[in-house]
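Shared between the two complexes below is chain A, which pairs with chain B and chain C, respectively.
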Partner chain A sequence: MNADLAAFIGRRLAAALLFVVVVSCAAFVLVRIAPGDATTDLYMQRGGTAAVEETRARLGLDRPMVSHLASWATGLLTFDLGQSSVYGRPVAGLVKERAGATAALASLALLLAAAIGLPLGVLTASRPAIAAAVAPISIALVACPPIIAVLALLLLAIETGWLSIAQGSYAVPTLALALPLAAMLERLQSRAMAEALASPDLVAAAARGVPRGRLLWVHAARQSLRPVLGIAGAVVGTLFSGSLAVEMVTSWPGLGRLLFDAVAGRDLFLAAGCALVGAVLVAVSNLLADVARALIDPRVREAA
Partner chain B sequence: MRRERIGLVVITLLAAAGVLYWVQASRGGSTGPAPAGVVRGGRLIATHRSEPQSFNRYASANPAEELFARLTQATLVRLNRATGELEPRLAREWSSSPDGLTWTVKLREGVRFSDGLPFTSSDVLFTFQVLYDKRVASPLAGSAMVGDNPLTVRALDTQTVVIVFPAVYGPGLAILDSLPILPEHKLRRAFESGTFKQAWGVATPASEFAGLGPFTLQEYVPGQRVVYQSNPEFWRTDDQGRKLPYLDQIEVQIVPEQSAEMLRLEAGTVDVTTDQVRAEDLAGLQALQARGVVTLNEAGVATNPEMFWLNLNPSSALAKTRPWSQRLELRQAISHAVDRRRIVDTVYLGAAEPIFSTVTPGYGEWYVPDLPPIEFDQTRARALLASIGLADRNGDGKLDDERGETARFAIVTQKGHTIRERTCAIIQEQLQAVGLTVDVVALERTAFFSQVLGGTYEAAFFQLIFDSFDPASQFDFWASSKGFHIWHPSQAKPATEWEARIDDLMVKQSTTLDRAERRRLFAEAQRVLAANQPVITFAAAKVVVATSARVGGAMPSVLAPPVLWNAEMLWLVPAPAGASGK
Partner chain C sequence: MIASAWVRWRMRLGAALLATFAGVAILAPVIAPNDPNSQFQDKAYAPPMRVRIAEGGSIRAPFVRQQVLEDRLARRFRDSDTTPLTLIWFSDGRLVTLEPSDGPLLLLGADSLGRDLFSRLVHGARLSFALAALGVAGALVLGALIGGLAGSAGGGIETGLMFITDFFLVLPGAYLVLVLRGALPLILSTTQVFFLMAALFAVAAWPHAARGVRAIVATERQREYAMAARAAGAGPLRLMRHLLPAARSFLGVEIMLLIPALLIAEATVSYLGLGFPVPTPSLGTMLQDAAKVSLMREAPWLLAPAATLFVVVLAVQLVVWTSAPATDLLVGRRRTQ
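Here is the complex of A and B:
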């Protein structure tokens, strides 16, 4: 590793760390200052004033926000994310098991999206007839929020019985996340391929008689990789935010649903823990994408 | 000779089969049809929208924990949620002293916890000790107080307890309906060490639990399901002496969205859902019922109608800036201006009844059918508004108060709750038709509660859920000193004469054992409330409960949980060969 690359990675790591700290602290503060707290539901269920006061004291809600945040941040140094008030369990264990479920879903969706979107992008860039058929579908899917995709797939599943909607089935949630992403990758790959094919070196290669298949699937595909890699971080962010709606509707026990429950129940530690893990995922994927781009293209690390 | 031998063999085989069947039936075995159509065994799939925070009912008061307690534990007595009658459970029989203060309760004999240890009066005493302990600060304690004072309990012997009430309490032992009896042998140590609230957390191994309910915990998979298996020690039998429960297992899947629950029910992958059917789902389910996929059961009229109320706290910003908002004539005008039939037809799609009181026909004997109905009459509403000085003073078509300011207020309600949002839209439109300017602000649930509890709202539209038909259980709504007297909570002394009158009537009805007198007093309280309309109700849903067609033995209730409250009596009809959910 040369010095430029090491410095580049160092800067990116520092920025990622700052991002993670800011996002998780912001989640803590925002949930803390939101109307209501973790005892509001208990009061509404006629839990009684004594139970409410005891719970507030136990959760630290009777303390000033700054000292509450400070004690949580101190716990972070020893990887103690606190105790969830909604689930009555340590946040670290909860987040770990739910992040695993989301990661499994997101990985499968990402693989499926890449397997569909990238080759289709190469084809639509090189074959106008295929592009004419695929592009409208892709545009519609790109514009389709995951909540609509999942509802449409559920309708399809109910009406046809082609897809299982049993609890734990991957079919509907994976497709709901993968299809809009595949469409986005197809559009991006198609545009990047078109630009690559029009570049002077590939025009020259074609003129030299390089076979069309090799030109497309080796030379142009490699050149088109950079813009696609550039959105890798954004893709992980999209998957994470999209998983919230999908997990709610399909009852998938993942991080998105956990974050929703945490915010709805004003569970400070859990909301902050979910935000922290989400931020780490986004930061790491951005970092890996940046490093990959820097390895492929020295101009990136010089510019940084 | 040969024929005789063959006949003998056949008779012997038939006799052996008969003996085997009898042995199996007398054991309460889990296979084969039992008499009268009941089939033993099988796994019922239910859904629930929330996840348990704890398995300790005395530490946590959410619906998921209540369901856990209903399935795995038992109470001394139980309110039959279909008939409203009090039933013996662990209490075999009881009697009270002439003054109604002292109740002697005989416990059922030979009852064992699911781990095989016997249930005695010592477990009852321990349960009450936990209930009122200040360190535990149980959310159940408030509902087990009479006039803010606890009951006292002592044991006469291992099978008899004496419960002394601090004052006469109208519903008597019904106060024990929500108190599951805890196994002292499992929880005494945690209680003594001050860690009771942490005991029976969601990470506790299933083997650590012991209960007196029809089921025991088998498995909890966070975020996915809670699985219960039948408790072999369960003490109850059906009318024909057959051991209960009929089911082998209940799997409660955690499905946070009601729409997702409905999809699973429609697809035939679940048998029972958390709640009653929403109006918008009814038509689809009726079609599925016609095809034999689901069964729809009418449980009655809902006991928890949506309520509209104005903030009547005289120190609120609304009262200070818009004094007209506190006038009875405004509330009467609102009640006349809104067409209840339209709400029934468009919001509930016909599956509701227009109502004029918070006490709906679902309350049975406590319902007062002759309360004067409030006609939809916008002319009358305009006249009432004019009588408090609201008039269109600048010709913009909107009413203004005497200072020339637009007569305006905001209704807060819960975001994402279609019934509430749609009803508020109709209220807004119909009040605008009589000149009142209304804003509707839909807030996320906790933010809504926060605003209402903080008293920083102008008007609200929501429902209160009561766990019983008995008016004594609603004391915190009717009494002016209580926190759920929603239009003006926690008053040091009644702010109005009519609230003082209601307080008096409610105290009398809850401290009288004469049921007819209680009905008379509560009817009078309802009349006083109806005359002053601090809360306005428009419609009460007809509660329809959907189950898959294979569920037998359901006794649907308007109270939650509508089906699983009586899980021990549920059974599954075997699907005919080749049948499917879709």
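Here is the complex of A and C:
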């Protein structure tokens, strides 16, 4: 393993760690300074000042913010994320199972989208007939962000019964996330392929008589990897954002819905925990994409 | 040749759709036949009225039929056979209505509270579009300032500002907006939501613009006029004033990309109940009704806001997506030429 790649990964790891710490502390501070706290409902319901004071003391809401944040951050070192006031459970376990549900949904959608979008992009860049057939579908799907796609799929499922809408079924949520992403990847791959095919080395390869299939699927496809991996960060963001909408519509027990519950219920520890785990997921995905880019393109290692 | 005609046609279609949408949004109070918030008795879940022009084989002025509630529990309506209700144009400051004694004109049917869905959609599109436009303006100002400063200052300022930009860039937008929204009071008035959400969207959406502007301005900084300005003693701020115009066309494209993104963001946040309050119509608040699985079959017209969002995003795609037909660049074709 060469040294510059190791150094690159080290720098990226440090940046990812900083990212996770800043994001989760920021979420903690934002929910803490928000007007109203976890006892607002209690106060509204029973009006008992003593009960409210007791709960506030138990949650640490009566302490100054800095010491509160510091004790929460210390707890992190032992994976103690505090107690959720909405669910009445430790945040760590709650966040772990919900993050798993979101990660499963998002990674399945990503696999599906890549499996459909990337090969299709190679084909549309090389065959006009396929391009003409795929382009309208692709444009329509790009215009269907997950929150629209999930409604359309639900309607389809109800009208035709082709898809299961049972609670916990992967069909609708995965497709709602995957289809717009597949269309986006197809567009991108197609454009990257076109650029690769026009580059001088590919023209030279064609002139040398490299067979068409090899030219497309080996030479050009490898060159097109770089621009496609370049938007990996955007893809991760899109997946998470889309997943939030899909989780809310289909009642998928994921991280997005948990964060929503935390924000709506002013659940400080839960919000901070969700932000922490979300940040870890985002950081790890971006790290993987960065490493993949560094592996195929040495220039990336020196740049950042 | 055919391909380029198709591209031009596609762009025109997209632009026409966008112009229609903007026109409807601006003229909403005139176009909506009814008050978006008035609830009409016995009209809950009324289906869309069909506008007809033929009666008994002869053509006449456009009219609709009165809807009669047949079964309240099954929400079944039928068209009555009595005299047709002729549409009235340009009366009382509205484009098209019915005689007040004839009841409401329900072009897209009614929602669960018996409100006119078409009027709500038109007013909702207006509000959502205005919010998205304000959010885009804020995001572009922020992005141009930060990216422009980074690009024209260079050095440590550039590195620092771009670090912050990249930090925000990888945050998933919906999560960011949700957490920022969490720091605000949960219950806000429509006006407060409008301005606060525009600010939130600007904060969530600026990094992409900042990155693009920085790249353009940093390149521009190498040109002679920029060097001349620096030689004449221009600091980063004054230099930025000279360099920023170079990013104009990029910012134009950015508007087209951000408007649909923010319309979707509004729809998501309002759908979650953290956006516009009840009963304000917006594309997002209307999605709450649309997303009820139990109603989709009986009242599919409630999906109209989702369809509207789809058409708007599609229109933007048609305009933006102008890539040269990739097949022209194909080596295989060159070989045959």
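The definition used in the following text is that the second predicted complex is superposed on the first by the 302 of 304 C-alpha atoms of A that agree within 3 Å, B and C clash if a C-alpha of one lies under 4 Å from a C-alpha of the other, contacts with A are read in each partner's own complex, and residues count from 1 in each chain.
The definition used in the following text is that a contact is a pair of C-beta atoms (placed from the backbone, for glycine too) under 8 Å apart; a residue touches a chain by one contact, two chains touch by 3 or more.
Quick caveat, the model's predicted, so the values are computed rather than measured.
Visitor: Look at where chain B and chain C land on chain A after superposing the complexes, then choose clash or fit.
Guide: clash
Visitor: With the two complexes superposed on chain A, say which partner A:A194 touches: chain B (first), chain C (second), both, or neither.
Guide: second
Visitor: Between chain B (first) and chain C (second), which does A:L154 come into contact with in this model arrangement: first, second, both, or neither?
Guide: both
Visitor: Which chain makes contact with more of the residues of chain A, chain B or else chain C?
Guide: Between chain B and chain C, the winner on chain A residue contacts is C.
Visitor: Given the touch rule stated above, what does A:G36 touch, chain B (first), chain C (second), both, or neither?
Guide: The answer is both, since A:G36 touches chain B and chain C.
Visitor: Scan A:I165 for contacts with chain B and chain C and give back first, second, both or neither.
Guide: both
Visitor: Is A:R98 in contact with chain B, with chain C, with both, or with neither (first, second, both, neither)?
Guide: first
Visitor: Tell me the contact category for A:A264 with respect to chain B and chain C: first, second, both or neither.
Guide: The answer is both, since A:A264 touches chain B and chain C.
Visitor: In the overlay, answer first, second, both or neither for which of chain B and chain C A:Y87 touches.
Guide: first
Visitor: Quick one: classify A:A51 as touching chain B (first), chain C (second), both or neither.
Guide: In the superposition, A:A51 touches chain B alone.
Visitor: Pick one for A:V249: touches chain B only (first), chain C only (second), both, or neither.
Guide: both
Visitor: After superposing the two complexes, find the one stretch in chain B that runs into chain C, choosing from 436-444, 490-498 or 508-516.
Guide: 436-444
Visitor: What part of chain A is shared between its chain B contacts and its chain C contacts?
Guide: Overlap of chain B and chain C footprints on chain A: residues 34-36, 154, 158, 165, 248-249, 260, 264, 266.
Visitor: Going by the contact rule at the top, pick out the chain A residues touching chain C in the complex.
Guide: Those in contact with chain C are residues 19, 22-23, 26-27, 30-31, 33-36, 124-128, 131, 139-140, 142-145, 147-148, 151-152, 154-155, 158-159, 165, 187, 190-191, 193-195, 197-198, 202-203, 206, 212, 215, 233, 236-242, 244-245, 248-249, 256, 259-260, 262-264, 266, 271, 275, 278, 282-283, 286.
Visitor: Going by the contact rule set out above, which residues of chain A touch chain B in the complex?
Guide: 34-37, 40-51, 53-55, 85-89, 94, 97-98, 101, 154, 157-158, 161, 165-168, 248-251, 253-254, 257-258, 260-261, 264-266
Visitor: Residue numbers of chain B touching chain A in their complex, please.
Guide: Interface residues on the chain B side: 51-54, 60-62, 134, 137-139, 141-143, 201-203, 222-225, 253-257, 259-260, 263-264, 266-267, 269, 443-447, 449-451, 453-454, 476, 483-484, 582.
Visitor: Can you list the chain C residues touching chain A in their complex?
Guide: 167, 169-175, 178-186, 260, 264, 267-268, 271-274, 287, 290-291, 293, 296-297, 300, 303, 306, 309-310, 313-314, 316-318, 321, 323-327, 329-332, 334-335
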